[in-house]
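Across the two complexes that follow, chain A remains constant while its partner is chain B and subsequently chain C.
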Partner chain A sequence: MSFRKKNSRSAYLTVMKDPDNIVEFENVHTYFFTDSGMVKAMNGISFDIPKGKIVGIVGESGCGKTVTALSLFQLLDRSEGQTIKGQIRINMESHAVNVINAPAHVMQKLRGKQMSMIFQEPATSLNPVFRIGCQMDEVIKLHHPKMYKKERKNRTLEMLELVGITNKEEVYKMYPHELSGGMCQRIMLAIALVCHPRIIVADEPTTALDVTTQAQILDLLLELKNKLNITILLITHDLGVIAQIADEMIVMKDGSVVEKGSVKEIFKSPQHPYTVQLMRSHAFAEKHFVKIGSFPEKKDSILEVSHLKKYFPQRGNFISPGKGIVKAVDDVSFTLKRGTTLGLVGESGCGKSTTGRTILRLLEKTDGNIFFNGQDISKVSAEQLRLLRTKMQIIFQDPYACLSPRLTIDEIMKEAVREHNIVPKIELDTYISAMMRACGLQESYKQRYPHEFSGGQRQRICIARALALRPEFIVCDEPVSALDISMRTQIINLLQDLQEKYHLTYLFISHDLSVVEHISDTVAIMYLGSIIEIGATEDIFRNPLHPYTKALFSAILIPDPDVKGKRIILKENILSSSLSPSGCKFQTRCIKCTEICKMKTPVMQEIEKGHMVCCHLYDGK
Partner chain B sequence: MEKNVLSPKMLIRKRLFRNKLAMTGMFLLTLIFLFTFLGSILTPYGETEVFRTTETKEQEVAKAECKYKVISVNSVYEPPSSKHLLGTDGNGMDILTRLIYGGRISLLLSISVVAMELLIGTVIGSIAGYLGKWVDALFMRFVDIINCIPSLPLYIILGSIMDYYKLDGGIRICMLCLILGLFRWSAVARIVRGQILSLREQEFIVAAKAAGIKTRHCIGRHLIPNVIPQLIIIATMDLGNVILSEATLSFLGLGVKYPYASWGNMLHTVNNIYVMTNYWFVWIPAGTLIFLTVLGFHFVGDGLREALDPKRKHT
Partner chain C sequence: MKKFLFKRLLQSFLILFFVGLLIYSMMRLLPSSYVETRARTLSQQPGAKSYDEWLVQLKAAYGLEQGILPGYLHWLGNALQGDFGDSWQWNKPVITKFQEVIGYSIFLAATAFILEIFLSIPAGILAARRQYSKLDHTITVVALIGISLPSFFFATILKYLFSVKLGWFDLYGIVGRMHEQYSPFKQFLDVAEHMLLPILTLTITNIGSLIRFTRTNMLEVLHSDFIRTARANGLPEHKVIYQHAFRNTLLPLITVLGSSLPELFGGALITETLFQIPGIGYTAYQSMVNGDIPFSMFYMLFLAVLTLLGNLLADILYAAVDPRVQMV
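Right, the complex of A and B next:
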């Protein structure tokens, strides 16, 4: 017994190559064994994570970034994925542990105490039925069983303060659903920090967040690194995030490291062709270019929205009646010319998706008018609306969720076409094939199911499906937000090509200004249900007026470590649309807030030709 | 790269036939169906034929001489022999023969009841779940009402009504089928509704609506296929339950009446402790057959569920 114990001890104890490193990966191979054969998720990966540095891993989805993190924690499902070869050493000062050989009880002590992890979806990483304080307390209790309750609470509050939560006593007693995504991510960070780990692994910590919140969290990570000298392994697909906060970076592709080095050097002179390609697709997202033939001859308007309102009642029950209403869309008006694109930008929860869906009457409006081709679509009957649907289509953010999982692509594509008798039955097959080809899909995909495709291909399928109905107007509801950067460029190019070919009109909804720029002719910025600035894309990008628009611009991450733009960090997150105070809606977060902003609601005023803003700062100009 | 692409239907069939467990189940079910539906050709006896004890020589002589009146006795609980392969039951009837005839009723009954409950349950559940609001409230309260009816007293009353009208065996079985089907669908409706409530919120339904797909196609083509795994599980579990509850109802006088046989009926002899402990051949065969049938349906159902799941790998 004692012999065996000794033997297993020596198997996982090891020596660091360089004592200044916190973690060393050496020739790590992690394979997945699936029904369709072996997948080499990590194929001989070696890199070091030096103490007190932020190391970023960048790559497209499926390149093995997350598996790298899971291998370090040994959190892979043993029956599916296993680290076959190599060493992952973690520095414990007096000794080092090779986590690959470490037995389960050793790993349990390492996780949480020596290394901790934060995930992409903060809201789902927290347990919804426990209070925040309780969840943090649990972690301390596990690793410091002898600590007193009061001591634990102090430690928890201290951590909450550290991650920038000012009302820590309140938050201590809250449930996760009462907090916004950004706050949840802060809590996750606090939980990760609570046992003073040697390393924090952040797996896409800001991908699910708004641009403005992303800026906040990244700032927080940087601040923590400087203050606590903490080591962070940052996993992301966004070069902008890496450029802004990481010290060293690793570029991964298909389970291998293609390039590693300091962020500055790699951005200055990328060596590997793949890195160059990645940088270029990012550069596209940054390059300012004017659309050919912008502001052309007079066009008729296809869609007119005036004073559109959509309120959601907060339902109560027998005992307590409803607490009022949420004004998701509050007096939105705009006109859309045929063949042009309007970009609708705002944080999540600002009502941009609701606007899109209310226009299509997927949600019933509360008030206002929607004229489509001169017809008030809020008044047509259900059957007429069903026929009208071919003319107005929608593309969703998550292409996987909007394809029926149990239907083949062929069935999905044909269904609506058949329902509306777009083409005669005999031509159906050739018509579908033509549509698929137009969207860059092969005909042989027809017999496959949605889950067999990549994100980009799925979005192409969704576009092809929408296009097959011969629409005139398409609402694109964040069509590229869920995609990799390189895919984004392709999909946006496709949308632009199709617009030209079929003379389509788009309402392009996004939370990211940089995406909207290329495709839009006009841009509208939305905040808490209202449009606060609208104008030609050029004008908005050249001269943003509203303080909120300016903040949005500053939140764009520039993939260049030398250009660390002065970020305007918005103080608070939006609480809820239902709690909007009197006066300007943005007053609580505005850095230029004056007395009048608190008293009077600003109205739209034209500053330049076609460029309107809703802010008191420009009163009388 | 371009392999010959299998159509989805061919793929399902291929996956099902490759599944060893499902094939075992299929084999079992085939055997059982053959046994019950073709077995009557092989057995020389009738379903309700009663056998008498063989008379001893003395008795024969006495009978011939008319010395005294000989009362022939039913050959009750006779152990398996070459004459009665599985022996005779408490009424002196051949157990093997009764298994064959009883199986027909049990299988037909369970399959038709399950089919009925799935049909009603799915239709009501999916309409309630998809349309929501007051339709949902109305349908679900209706389900609650159905659930509130105390079933056993109701069955007894219905049984005695049928007795009053002196309905014959065939009609009684049809009625039993109807009654069971009409009172069992509520569980299915609840499960289907719950599933559809969550599926309805998914974006592919919004996408279908946005494409102007008719409501009935939305339910039929997009929602129901996603509930199939749950339906298969309910169906396979309920097949066994129905066979057994038929026995309960028969016992209460609603179901299959003596002299007709059913597996559940035959299994019910175990409520006599003496029979259970002393005459194993009376109830073990019926129990085994019910067990094998349920097992077979489970295997096939499981295989079907896996084969229908598009996310399974091709190989």
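Right, the complex of A and C next:
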């Protein structure tokens, strides 16, 4: 874009259409030039961001949401993406700047000072080798070069406090890896706020976080907006997030705005068919109280887990040597009936994935028993285990990482089937084709490589691969967390269809209660390595007992701006499993914590038929 | 940390024991041994004893009449007491000879090493910043040439061009003919002049992989999220590159630098031999050709120790520089 420099010096100065707007997008076209041709990532986008409002952009991945944010910051890789046409104006009170024409030095002064950004992955968005304080200090120093060091530190600490970090002095000296994802996102927000910007762009700020942390961060954003009268551009794929905190919304599809307006109106009467479709698939995933079919009585149990424990030795570092163990799974027991699904829910780090993997003996247990079809899995030999593997399969969260990029789908599918002699050689091809069709994949996909598929299709491939071994039991480890909302619904439906057809049993691991509700017959809630509540799905959803379960439910975002549920905000971030205090594990975050909770570890008790809870609140009831 | 060091040290001794055994066995099993050559030479003198008699006598004198394992253990016993024996080839204690020659090697390697770092790291960063530009392609091609050029070939070209055709430098050796007459300062310059071509050879042939390594790492770092954050915070490009990206690029480089410790002190065998620089590499080469077991053993074990030390150093440095790494 060399012609830019030749323009007269103030060509980037302009005037706002409406002085009450902070940012105006007018007919913006941003194109990507790839080897396979031009992609119109933003194809004539126009919208305004009024002062002091939260404007949400919603759309599925690839619709151009993030490109919109990056265009505002002019942070697109020049060799690939360029804003070709249009104006993006930012209001600077005395004048306005059109960022598309602005030279690099002007943009550098805008970024971080007038507008700042927080990203989806807070943990990787901070430089791992610098301390938090240093990274914040740097930004202030950059934009306020005359400020004294002492003053800068005070400002930094003030910002840390503002974003709800209580132990600010400690955090100031910490490295990013020492903090949880939610804490890192708070830090990112603090950095974004440190120069009092006019606008904050939040690109999927809560997508990578747990539901309870998501609730915290969203509340924080709302609080900051009210307190500081700050303008926020919120980019998300989650209609629930928009409904809960945004004032205005923009629906994007394939690089164009399909609908814009106030959140209340659009949710009340969506005009564009795409918006309607988006809301429907969302509602389907979020709320689906109608249970399909009732499960027949008298089922034999396929899996019995009793007092399962999995401890990891905690390794010390350079300075301080090892300190004890991490109880990732601490005394977990449950029974799974054939043909049913158990949903295992909990925040990240609570040990739900470890539980799944230990059951499959992908990890060796520390203690306890696992009976699969009446056989103690922990006692079988390596060879027997290899044969058992066909009966027990697993599907992971990231389907791309699970598929070898160098093999075609055909090879991927055939490998294990051949190894275990599931079908005679001559029938192999037809068998694979049948399995692929059963999972909604076309036969013609066989010669393609994994990268040629979308996320949803890849997950179908993973399911088909697992299914081809004719398993009885599948551990689904967050199978839809990485997928778009409409894809989620499809994959969940596929899993249900397959369950019915092949009489499968699932252990469905997820942090997302709404997904679990849809597919599970029973639900178990995990907290710090233990199951704290278990029962039939209807019972749990109708009448959650444990304070933690209640908090989880309150953190679900309802995609309806009129229903702003009272969120129970949990106080502290999750404690590392190694530090579990005496008494109830949840005591430090529980709003109903009493003396006995600190003294005595609660035991499981049945409150109604099949509905068990592990909490002192229900003692003697 | 103490436990870690202790474990590593124990491992190292075990490794060294077997490396030593391996080298000793290889030296003993070589088809032409030092004593055979000596016996042949001595037996050809007028009026001398027969070859077989000499052989028996020499074998006894050099302690080669015992088997490989007892021979090794005998050597090891002495070595542990700090006695590495006398070099057969040079007729002086191994340690003395080593002290005489190591200086040249360190000077040669250290200069080349510093040059490599100062050339390759900026070049690698530059190439990464302008990925797929003409500059990037040029640097990549230079790096590729550096990687694929064998040092003996490149050294020969240099010698042909600068010594034979242009006559700027001497073909061989470390000092000129007039060296003794010079003042100390001019003596130093004389040595430096003779070192120039070997240093150039070493630098060019080693620089390629380091450039590629820096470029790949830098590219990876430049695509990470925190670089985007730095830019979004309004940091000027030079700060983004040299503060945020460079610190992270440095981490894997440390491993490479740690593993180049043996290269640094172990001498450049081929280059030294071609230019006949009397460094450790050249000396070790001659010792090995002549089957000088004590010196070769010392040299090889010296390299092994350096390698182990380099890896340990890299591990410790890595933990010191990267806050995420924990010592296991």
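Criterion: the second predicted complex is superposed on the first by the 602 of 621 C-alpha atoms of A that agree within 3 Å, B and C clash if a C-alpha of one lies under 4 Å from a C-alpha of the other, contacts with A are read in each partner's own complex, and residues count from 1 in each chain.
Assume contacts are C-beta pairs under 8 Å (C-beta built on N, C-alpha and C of every residue); 3 or more make two chains touch, one makes a residue touch a chain.
A quick note: this is a predicted structure, and the numbers were derived from the prediction, not measured.
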Report clash or fit for the pair chain B and chain C bound to chain A in the combined superposed model.
clash
Could you tell me if A:S404 is touching chain B, chain C, both of them or neither one (first, second, both, neither)?
first
Quick one: classify A:D219 as touching chain B (first), chain C (second), both or neither.
neither
Name the contact category of A:L387: first (chain B only), second (chain C only), both, or neither.
first
Is A:K109 in contact with chain B, with chain C, with both, or with neither (first, second, both, neither)?
second
Overlap the chain B and chain C contact sets on chain A and report the shared residues.
none
Within their complex, chain A touches chain B through residues 34-36, 357, 360, 362, 385-390, 392-394, 396, 398, 401-408, 411, 415-416, 419-420, 444, 447, 449, 451, 462, 465-466, 469
Give every residue of chain B touching chain A within the complex, in rising order.
2, 5-8, 202-204, 206-214, 217, 221-222, 225-226, 228, 308, 310-315
Name, in rising order, each residue of chain A that touches chain C in their complex.
73, 75, 79, 104, 107-113, 116-117, 119, 121, 124-130, 138-139, 142-143, 175, 177, 188, 191, 315-319, 321
Of all residues in chain C, which touch chain A in the complex?
1, 3, 131-132, 224-226, 228-237, 239, 244, 247-248, 251, 319-328
